[in-house]
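The letters A, B, C and D name the chains in turn, as written, and every chain counts its residues from 1.
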């Protein structure tokens, strides 16, 4: 360590930072610190001139570590990444957002805090290591599970982008639910024309291998090189080989398109499905319309009941997305075939977004009755007619309708295929049994790297959106189909000299990235890993460190922090802030000039779950007055269970403090959203006040 | 006077095979109850009160009952581990609290 | 099979529906089911729900605790009572509520309730526990050629969660099956789920009468030999008030209203006295057909 | 418990599908009785109007609405709670007073007359026990910490 050469660069940010922080004093002090060989102050480090100056110093002094005290590390990342030195040897100190900007009126304290931050970063950078991206070879083959409209389109798109594609389907034929439909909406054209085109494209593409009557048995390996065993059961289908053949496919990425199943309305006994012949589902309607030439024209009085089973807490709690348009489409077809048909749609809310609104309007114009009100019960009279009695909420009175045919607009539920596959390849599903994804930002991802979803296995959606989702899944999958995959070296490394093989990391990893090596030590699959550090936070022996933030760095920073940097009577709060939410909120508090006590020293961590209880205990032992662990609100955690685990671990420390006759309030968890700087500032303020009441940590050395 | 496992806190080290207390116990006394998934000491009288298990337990679930030669009922000895330090809290039978921090050789 | 149960009579049956009580006791006796009377049983709580819902729950809980103390499950005749007790049983699965209730029970000098009692209507018991097959084996005088309209009563299977969803709340069948087991036919009619309306007799008499009349009309038109009920309140609405309802609707009804126990009892070969047919206001003369 | 059902999250989940009213037998005969509307009025804070009106007394408590509500709103129970509120605000109001006096005096909704006792005896049925004060004691216990 003695021969390291650190260059310290202080940015005045066109004088702004220097207005509050005595940079010259800090520069003077820094130059005397071990390892520091150069100190430079600049008015704008991120400018071309500033970058040039850094590069110049690196050459001139032979610097192997660069410390930049300027704006938040979340800013100007591009400018400070390529300095002609490994980017993991560049450390940023947040002098602007979390120092000068948030304490503009207290130059003295801002400088004290800046000094503390600089000291910690100087310690941290001593342990930094140069890291290079790792390249992993990958095959250029993709697997698509499910031969419905989503799966077929994903296969075509993937093959179009140059990949070899295996498309497997558990039924003997392709086409999925779409092949059971009579007409598409909104154009009311027959699905057969689109399907035939897709089939012929599949046929003619030599890169696509279709396996029907086939199912996934299991999946192992990692993205780029999944090994999937596939069982093919019968021999009667096109292109399908021999009976009960099991084969292994190596694939770089998997697109899951296992589709949906119709909700069976039998449990809603009030509608008599199965008891009354003339009560059918919307999918029964499609079948009859397709198979019986006169079906549409024969109907005279038809009722549609919307939301059967959907938006129903007893059955499917969600809106099934398509049923409104399906009923409108079917009603229009009836009306076209027989304009005298008194078609009535009983609805709760009609949901026809975008272009579909025009179809809804067309339906209204065509004379289809829309009645707001859901029948509670259907009764069959002696002539076999179905009497529909409903309270019309708009008219404010009851209306009766004797229907020849009642169509129940039933929704979509997760398919059995999805459930089977989820077990075979360990995919997480949501409470409604659809494949779990970060619906907001990464809808096409599953919770396993390299496995993507298309179509209704993710959520109910119609044909056009299924096709669209197939394209999105393809675009995401292509990263794993380029022959090689570059992985950023942020992933955790297990020190097997310390590891006791307790398996906690294996259990707690939200992405199931850990497996065991041949000696039983945990090893991380860097392709599955998302570098959240939850394993680092959970390891009871502190044996796991991330590439960009190690346990020894954290411990070193605790050592050098002056626990009385604001004076003996001021409490010091150490904040571990998650980089996605809390740290950014803290930055915003600074940018917006929301005053925040200078008692908080913050350390950016990838996730609140990455902070080890040993680090927290150590901070308390070394005299820090309070620990603020700030992460995302539970359901918004970018790493699923990071916040939740962090809370549990913090509760353990809190219990321990109580046993030690220390105040359990010395550790605190706060949920801070990215967009809530006010809450951040208020939380810190309140906590500092509380700690003042508690008094000094008895373990702080005088 | 041996160790005492607080069952609510113990999580069996999640791996459900060999918990840390089992691995570290020099007398091979600690083990997992496969029914409850919680650790226990299978021979209390053989415990030497070395407190290795107390120190290593990540959940703080193992307490030490101080032998009467050293303390007596009511006295407590509680370790808290950092990465390179340990802090002991000693409570005597009169409730007097003293704390000691030491560097350990665990570091790096 | 444990065939010893606490009989929960409620307050309407022993006063307003002697024929029900007598026939039920005799059917039970005939089938080897021992029904124990607990004199301490009080009101089920149903009428009190409109005054104080917590008091209603306490009343129900007290009855549950009484049966539990004796180690007996509850069999009842009135659907309203059974529904109220059964719903309380489900509500008390909530621990906080149960603790609160038990605390109050203690101040009343009653035993604590510990979730150990099942509550079933006699018809449900026959259908589920005694068993249709076992019942069929006992039938000595099947009621062939008779056609009954079953009226379940709203609280027979509803709220369904209170009754462990034992029958379909929108299309109940268990009582039909019992009566069919006795050899008779049952009528499947769309008005099957209609309420007897008795609960609102005081508040909205016209409404109440209309509801009762609709069903009487439907069954008369379908040629029912009798209506079969399983609740004393429903019987009051359809039998005691039949003339009134008829006058109101400008019709003359003459539809006998029987308790299911009278029908089953007859098929079991019990005598008219044992089934208390003398108490039926509208006489049932199947022989005349 | 009353207030829990009326103010509860459950009620706020109503999305006005009208299934309760469509299936209501009382509404079929008396169109002025509209359960969905009553629920909406509670949501709008018109409790007084409801408590003082006669609508809440028209529900037969047949549970059809509760059974079929897609949002699992216990509509019937809400009516009971409303009645209980009405009762609490005016315990002597007409509709319940007869029931109340029977219950409080005899412990039974259907008091047994001398004739009833005789009839039972004649039929060989067990004598009815009297527990006249039970109902009022339970009421007092329930009210104790309100």
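As a working rule, contacts are C-beta pairs under 8 Å (C-beta built on N, C-alpha and C of every residue); 3 or more make two chains touch, one makes a residue touch a chain.
Owing to the predicted nature of the structure, the values given are computational and were not obtained by experimental measurement.
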Dominant interface by contact count, named by its two chains: C-D
Between subunit C and subunit D, centroid-to-centroid distance (C-alpha), Å: 19
Determine the centre-to-centre distance between subunit B and subunit D, using the mean Cα coordinates as centres, and give it in whole Å. 59
Taking each chain's centre as the mean position of its Cα atoms, how many Å separate subunit A from subunit B? 39
When centres are defined as mean Cα positions, the distance from subunit A to subunit D in whole Å is 49
At least two other chains touched by the same residue of subunit C: list those residues. 169-170, 193
Using the touch definition from the top, which residues of subunit A touch two or more other chains? 270, 377
Going by the touch rule set out above, which residues of subunit B reach two or more other chains? none
Chain pairs that touch, all of them, please. A-B, A-C, A-D, C-D
Per the touch rule, the subunit A residues reaching subunit C in their complex are 269-270, 272, 275, 377, 379-381, 387
Which of the residues in subunit D end up touching subunit A in this complex? 15-24, 27-28, 31, 34, 36, 64-65, 68, 70-72
Which bits of subunit B are touching subunit A when the two form their complex? 9, 13-20, 23-24, 56-60, 63, 76, 78, 80-87, 89, 91, 97, 99, 101, 106-108
For subunit C, which residues are in contact with subunit A within the complex? 168-171, 190, 193
Quick check: in the complex, which residue numbers of subunit A touch subunit B? 500-504, 506-508, 538, 540-542, 551-552, 554-555, 558, 612-615, 617-622, 652-653, 655-656, 659-662, 698-699
